[in-house]
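The next part holds the structures, each set out as structure tokens.
Both complexes shown next keep subunit A, but they swap its partner, so subunit B is in the first and subunit C is in the second.
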Partner chain A sequence: MSQVRTYTRPMAGWWRKNPYFVKYMIREASAPLFYAYALWLLAGLVALARGEAAYNTWRSASSHPLSILLHAVVVVFAIYHTWTWFRVLPKTTPDIDVQPRVLVAAGVAVAVVCCAALFAFAWWATR
Partner chain B sequence: MKRSNAPVFWALFGAGGMLSALIAPMLVFITGIAVPTGFLLPADAMSYERMLRFAHNGFAKLALLAVVSLFLWHGGLRMYHSLHHLGFHTGAGSKLVIHGISLLGTVAAAWALLTIGF
Partner chain C sequence: MTESVRTIAIECLRYNPETDEAPHYQTYDVPFTDDMSVLEGLQYIKDELDGSLTFRWSCRMAICGSCGSMVNGVPQLSCHTFLRNYYPGKVRIEPLNHFPILRDLAIDQTDFVRNKLPAIKPYLIAKEDKTLAQGEFLQTPGEMHKYYHYSECINCLLCYAACPQYGLNPEFAGPAAIALMHRYNADSRDAGRAERMQLGNSDEGVWGCTLVGYCSEVCPKGVDPAHAINQNKVASTVDYFLRFLTPHGGK
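Showing the complex of A and B:
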């Protein structure tokens, strides 16, 4: 049986033709990075449940230079994710009747406070 | 009419997106850079004894499960759509694989947290 051959416009590389879409695709690159980070944390959690030897293997893998380099890449993309996530907030929450600029600034401010609080907690808990 | 399951995945995507937007930059910095290198935080901040004690706490369990699970669901949904954007129209198969791994990851995290005990 032969398939009907209708013309399909080629879409390969469509996002490279417009800087807006390039930025969009850079943003989307944070998705597999978050996914990988979650799997890495999960590996640590499972190792923690399995015992000290397993957990220490995970810890020493975490301090390998390659791991630190990859985490640094994730941090950069995570910051970009935070910025873009709150920048589209006026569009994703159209029911909130606040000036778009105020809404974006408030979102970023809350993120900064959350990050500061998280660091303060880690600082306090490990003193 | 069959009800769509999309809102469930979009809700998990949204929750993961918000959680990661709020804390991911600092969380990844702490667990991946600061503690392993001993920069700003002590290098033994995530020692076995300390993390075991931390994971015994009920709130910590919830936080750990939320981070692992929601980051997976959030990243997974976006990865699935990125496949389409890049021209891989893999359909239901890749959706099943990606969401399957996210579900397995969630179950594994819950299992680990329950095994650690209260």
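Showing the complex of A and C:
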């Protein structure tokens, strides 16, 4: 059989062509922010291990406007990740007879309750 | 009932492998009524305006899976979407994304039909064969329920057109093939899981998926390939770690 000539379209810019893919790419591309945030927390832990002076330096660095900006951005994307990951939760569970939207709602509810509990504890511990 | 006839612009991607270096677009003004599908719009063009326009179709009722195309950038069965939904805007029809274009709206499905589908062994592999005299392999309704909706795939390839991972890496087995793999693995009469998961557990199998999830959004039959793939990631992970914990590597 003779080879038929075909045309294959390039993939360049694929994610900009569909809002669904844009949302997906925001999710994927913002993931390194959490890596950076985890490193920041790790630095805090190391500072704590080194003693009071190091820890106080880390704390004052944490209250620098740039650090506060990083924290604000991370919070926004953390909320976005929480929402998008619970939205795909029904795709990862075994086949169970529970409506996907019930699973999503349950996941989001657990996340909200955990956050509220954590905030309450932090407020109680630091007041 | 009086039907009002309106006119909509249908922009088709055109590609003739004998004369064209690259595809271009051609617009046709098509009169339509409220009950006309996008496929019927294409058929009007072919019958009345331009007999050279090439596209595939067969059943006109979302069963055969032949008429998949990109309708305004979204993978759709063209028989399953209506011109009225796009009016007064125009409709842009392109061949399914991520597949080589043979001519106009017709894609080359060879990779799926010849490579992807056979690789996942889409048939029952029984533990031991039975003769006719020994009777059939029985199954309860509950056992059938476990795989039934995965068996409703019509191979229309909309999910491949929705999957950027397949577009970026054509080695990826892709949504429909893995959904079908899961369909047979989940069948109580089947014993071929270990054979299929050689591919299923690989980078070209479930791990080629990054859970974009669009495949399940566009599936016209509610097969939910993203679910089939991602629950197998859990199974694949368990399978991987069990080999360290069980005697003889879980064999």
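FYI, the second predicted complex is superposed on the first by the 115 of 127 C-alpha atoms of A that agree within 3 Å, B and C clash if a C-alpha of one lies under 4 Å from a C-alpha of the other, contacts with A are read in each partner's own complex, and residues count from 1 in each chain.
Here is the rule we use: a residue touches a chain if its C-beta (ideal position, glycine included) is under 8 Å from a C-beta of that chain, and two chains touch if they have at least 3 such contacts.
Note that this is a predicted model, so its numbers are computed, not measured.
**Student:** Mind working out whether A:Gln3 is in touch with subunit B, subunit C, both or neither, as first, second, both or neither?
**Tutor:** A:Gln3: touches no partner chain.
**Student:** Where does A:Thr93 make contact in the superposed view: on subunit B (first), on subunit C (second), on both, or on neither?
**Tutor:** Touch status of A:Thr93: second partner only.
**Student:** Mind working out whether A:Met11 is in touch with subunit B, subunit C, both or neither, as first, second, both or neither?
**Tutor:** Both partners, subunit B and subunit C.
**Student:** Can A:Leu39 be said to touch subunit B (first), subunit C (second), both, or neither?
**Tutor:** Touch status of A:Leu39: first partner only.
**Student:** By residue count, which of the two partners contacts subunit A more extensively, subunit B or subunit C?
**Tutor:** B
**Student:** Pick one for A:Ala31: touches subunit B only (first), subunit C only (second), both, or neither.
**Tutor:** Only subunit B; A:Ala31 stays clear of subunit C.
**Student:** For A:Ala72, decide between first (touching subunit B), second (touching subunit C), both and neither.
**Tutor:** Once the two structures are laid over each other on A, A:Ala72 reaches subunit B alone.
**Student:** Is there a shared patch on subunit A that both subunit B and subunit C touch, and which residues make it up?
**Tutor:** 11, 15, 28
**Student:** Please give the residue numbers of subunit A that touch subunit C in the complex, ascending.
**Tutor:** Listed in rising order, the residues of subunit A that touch subunit C are 4-9, 11, 14-15, 17-18, 20-21, 24, 28, 88, 90-95.
**Student:** For a test of understanding, state which residues of subunit B touch subunit A in their complex under the given definition.
**Tutor:** Residue positions touching the partner: 16-18, 20-34, 36-37, 41-42, 44-48, 50-52, 54-55, 64, 67-69, 71-72, 74-76, 78-79, 82, 85, 87, 105, 108-109, 111-113, 115-116.
**Student:** For the complex, which residues does subunit A have touching subunit B?
**Tutor:** Those in contact with subunit B are residues 11-12, 15, 25, 28, 31-35, 37-39, 41-42, 45-46, 48-49, 52, 55-56, 59, 62-63, 67-68, 70-72, 74-75, 78-79, 81-82, 85-86, 107, 110-111, 114-116, 118-119, 122-123, 125-126.
**Student:** For subunit C, which residues count as touching subunit A in their complex?
**Tutor:** 15, 17-18, 20, 22-23, 73-74, 97, 100-102, 108, 146, 164, 167-168, 186, 210-214, 216-217, 224, 226-227, 230-231, 233-234
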